[in-house]
Amino acid sequence: MIAALARTTIGRAVRAVLVLWFLLPLVPILLWAFANRWPFPDLLPQQWGLDGVRSGLDAGAPNAFVVSAALGLAVAAIATPAGALAARALASGRLPLPRVIEAVLFAPLILPAFAVALGLDVLVLRTGVPSPLAVVAVLSVAAIPYTTYLMRVAFGAYDKGFEEEARTLGASRATVLVRVHIPLLAPALSGAAFLAFLVGWTDYVVTLLIGGGRVVSVPILVASFAAGTGNSSVVAALSMAAVIPPLILLTVVARTGRST
Amino acid sequence: MSTRLELRGLTRHHRDQHVPALNRLDLDVNAGRCLALLGPSGSGKSTALRLIAGLDAPTRGTVLLDGDDVTGAPAEQRGIGMVFQRPLLFPHLSVIDNVAFAARAAGMSRRDSRAASQRYLELVQLGDYADRSVADISGGQAQRVALARSLAAEPKVLLLDEPFSALDSALRADMYALLRAIRDALNPTIVLVTHDQSEAAAVAEEIAVLIDGVLEHHSDVRTAYVRPSTLAVHRLMGGLNEIPGRVAAGVHHSELGAQVLPVDISAPDGPATLVIRQEVVRLVEPSASSITGTIESLQSAGIRQRAHIQVGSSSVFAELPPQISFAVGTRVGLDLPTGALHAISTDSNASRVFQE
Amino acid sequence: MSWRAALWVLPALLPVATILLAGLGSALLQSLGLMPLVGAPELTIEAYRMNTGDLATSAALSLAIATAATLIGVVVGVTTALTAVTGRRFALWAGTLTVPVPHLIGAATMGLLLADSGLLARLFGLSEGGWPALVGGRWWIAVVLEYAWKESAFIALVVAAVLATRVAAYDDTAAVLGASRRARLRLVTFPLIRPAVVAAATISFTYTLGSYEVALLLGRVYPEPLPVLAIRLFTSVELATRPQAAAAAVVTAVLALLAVAGALMMLRRSAVWR
């Protein structure tokens, strides 16, 4: 009996420490974003206000927001179907050299992105490919392992029986695709699209190296302020802009996943 | 391994469910006996096993082993073994290491635990498979290893949750024989959950029937067939004959006429259904003194035939021995041996008749 | 075997293969002098030799940071996943919230938290000199903590998924065989999650190895981890440093591949890997 009590008390303590570990680092963003004046060593801002937010807006936050969103959406639009098709092929078990193909598809996970971008930059300049396009291409490649993996798991759990049943009920191939396949796979698809979006939204190094200073995403903008001093409230305000949209998307995706 | 198991008022409500999955189960299993827990899907049989094993906590009630209350003890401390429908052999351990798991968990060294477990592997006739990987054995072999693994833990009570339902009938017959050999060697107390009444009869001495979470019958095997407590139990045991009517002074009156009921039944007066096993109904030459009817249809049931005889608006089923054949439409007489008759009261106010 | 199936895999396979080969191939060629910005290509390992000292120090630093961060990430991540098994998933949910946070933002906020004038320093009431140099200090503590922070959430989610699907049934089985909670962890849970932990840890390790922005914001000027070295040389005004930058990039890629090879050897010994 005492052992069980100790277990739950220790369990509760451990859980509390873990929650602190994950959430404490996010607190400074919340505080600094709305702090006009916060001299050391005060525990809380002396003056709350929207100066940081205003500076962020002046510095081009709306543009950066659009750029980041475009990057995220473009990467999601490319990497999700590519990953889904590849996962379907992998799940069919009829691929030649499946292990090799898997190794290539998952290689971007373990190879340093900056090295690829660094090497590619010269080629991009020489071939005249527009930098935003090149950035999207490299980031899509970085996202493909995630989308392929998620869809592979979904196809593994997918029961062909649903499809076969629909066809014996007279549904054409197209109908089967639209009314059976896609609804069953929708949660996995939205999850994969979300991860791909994140890859595009959160990237810094590839945008920096290949974007050549012309692609100003939110992380690029934050970095330019974070490198200096005294910009804490701008940095925090911009960070909130970087974190809140994906969080909103995350709740939407989680709800899609649960509703099926 | 022979321990007396007692369940007192065992009740379980699943989360937010108003109707209990198990409702005040009172059951005793004597040391060394084998009880089959029978019931349709969703009747609460698996729930009952999980409560006995300690994997779930009851909403109310107690579990006693040799008189000791173990209701508060977690599963790992109860000494109650359980074999599930799927073998669930640990994929990262070899066959012998699976059987040796309980010993390892208790702190024995790898070598000692393997040596101690070898005899249990031999008991299930897989002595040569010790070093095999679990991926390399068949389903039937895996289930036998799971059985050996539970026995090696030397449990006080062994619970079997539909362990043979995934096996084909030939394998299942082998498993019944194996179970008999295990009982001869170790004399464990066993509770076997099954939805198949013939399996219950083949393996166990006692049958308890759960329907919708309520215990409706508990007796030895023969009584469960011949004297079921309720119509639901009768049907579950495969009985086909149900003749509605009334009981008055130990005689059942129906379309089949007046049937004198056996003295030991003591059926109360009032509306009651007459039941008799189709296996004991005999067909005879129709005469003035016998019940007469017409053969409506003949269905094969294995090598035997099942005859559906229409008597007025009532149906009587008889199972015919293989050497006798009849034609559909023949008028026949029915002989219902008195000792095999049973009447189940259908009066909603009457209490159920239990046979212990 | 069907070549139609091969067609389905091309939209993903072609871009990945092309970009990886082009990018890393170009980096390799540049480092070997075969793709100079000016002049004729000439095979040489000057880029590696000129900088060997710096390359070695940077490699050692990168490996040390990645190892420390991954170790902490594994411990915290596995613990988080285990706490979620019993149905009280607060810790796992908190971890999930950190997933959409970009590493750059993570570095910024860790700076705001751990700097000399950061939130923690104010909480503990320690003024100048009293608070240890976590940011830009000798031990790269803030850098390691940021990587560990993000990695632990990733590892937690991967392990929690495995626990939910594969391990649940085996835990009951082990319990009715008499195994205590500690024995179940040791004999059943840990062996079954090991492949997933190794895979997630390897991905985290190689990511940290090649990560730039965190070391840039929270680290010190010297020594530099490999990515910081590479990009500094790449963006410098001197064109002669381009091959050296490429060399640093190639070294990072090689280290990552070696780490993966090591992980595969670890996995091969496990019977559970399917």
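Which chain is which? They are A, B and C, in the order written, and residues in each are numbered from 1.
The rule we apply is simple: contacts are C-beta pairs under 8 Å (C-beta built on N, C-alpha and C of every residue); 3 or more make two chains touch, one makes a residue touch a chain.
Just so you know, these numbers come straight off a predicted model, no measurement behind them.
Visitor: Report the chain whose CA-based centre is farthest from the CA-based centre of subunit A.
Guide: In terms of C-alpha centroids, the chain at the greatest distance from subunit A is B.
Visitor: As a test of whether you follow the contact definition, which chain pair has the most C-beta contact pairs?
Guide: Highest contact count belongs to chains A-C.
Visitor: Quick check: how many Å separate the C-alpha centres of subunit A and subunit B?
Guide: 55
Visitor: How many angstrom between the C-alpha centroids of subunit C and subunit A?
Guide: 16
Visitor: Quick one: which residues in subunit C touch 2 or more of the other chains?
Guide: Each of 181 in subunit C touches at least two other chains.
Visitor: Spell out the residues on subunit C that touch subunit A in their complex, using ranges where they run on.
Guide: Contacts found on subunit C: 1-3, 5-6, 8-9, 11-13, 15-17, 19-20, 22-28, 30, 35, 37, 76, 79-80, 83, 86, 88, 90-91, 94-113, 117-119, 121-123, 125, 127, 146, 149, 152-153, 181, 202-203, 206-207, 209-213, 216-217, 227, 230-231, 234, 245-246, 249-250, 252-253, 256-257, 259-260.
Visitor: Any idea which subunit B residues touch subunit C in the complex?
Guide: Interface residues on the subunit B side: 53-55, 74-77, 79-82, 84, 86, 88, 90-92, 101-102, 104-106, 133, 149-150, 153.
Visitor: Under the definition above, what is the set of subunit C residues touching subunit B in their complex?
Guide: Counting only subunit C, the residues touching subunit B are 169-170, 172-181, 183-184, 187-188, 191-192, 270-272.
Visitor: Residue numbers of subunit A touching subunit C in their complex, please.
Guide: Touch residues, subunit A against subunit C: 7, 11, 14-15, 18-19, 21-29, 31-32, 40-43, 81-83, 85-86, 88-90, 92, 94-96, 101, 104-105, 107-123, 137-138, 140-141, 144, 148, 198, 201-205, 208-209, 218-219, 222-223, 226-227, 232, 235-236, 239, 242-243, 246-247, 249-250.
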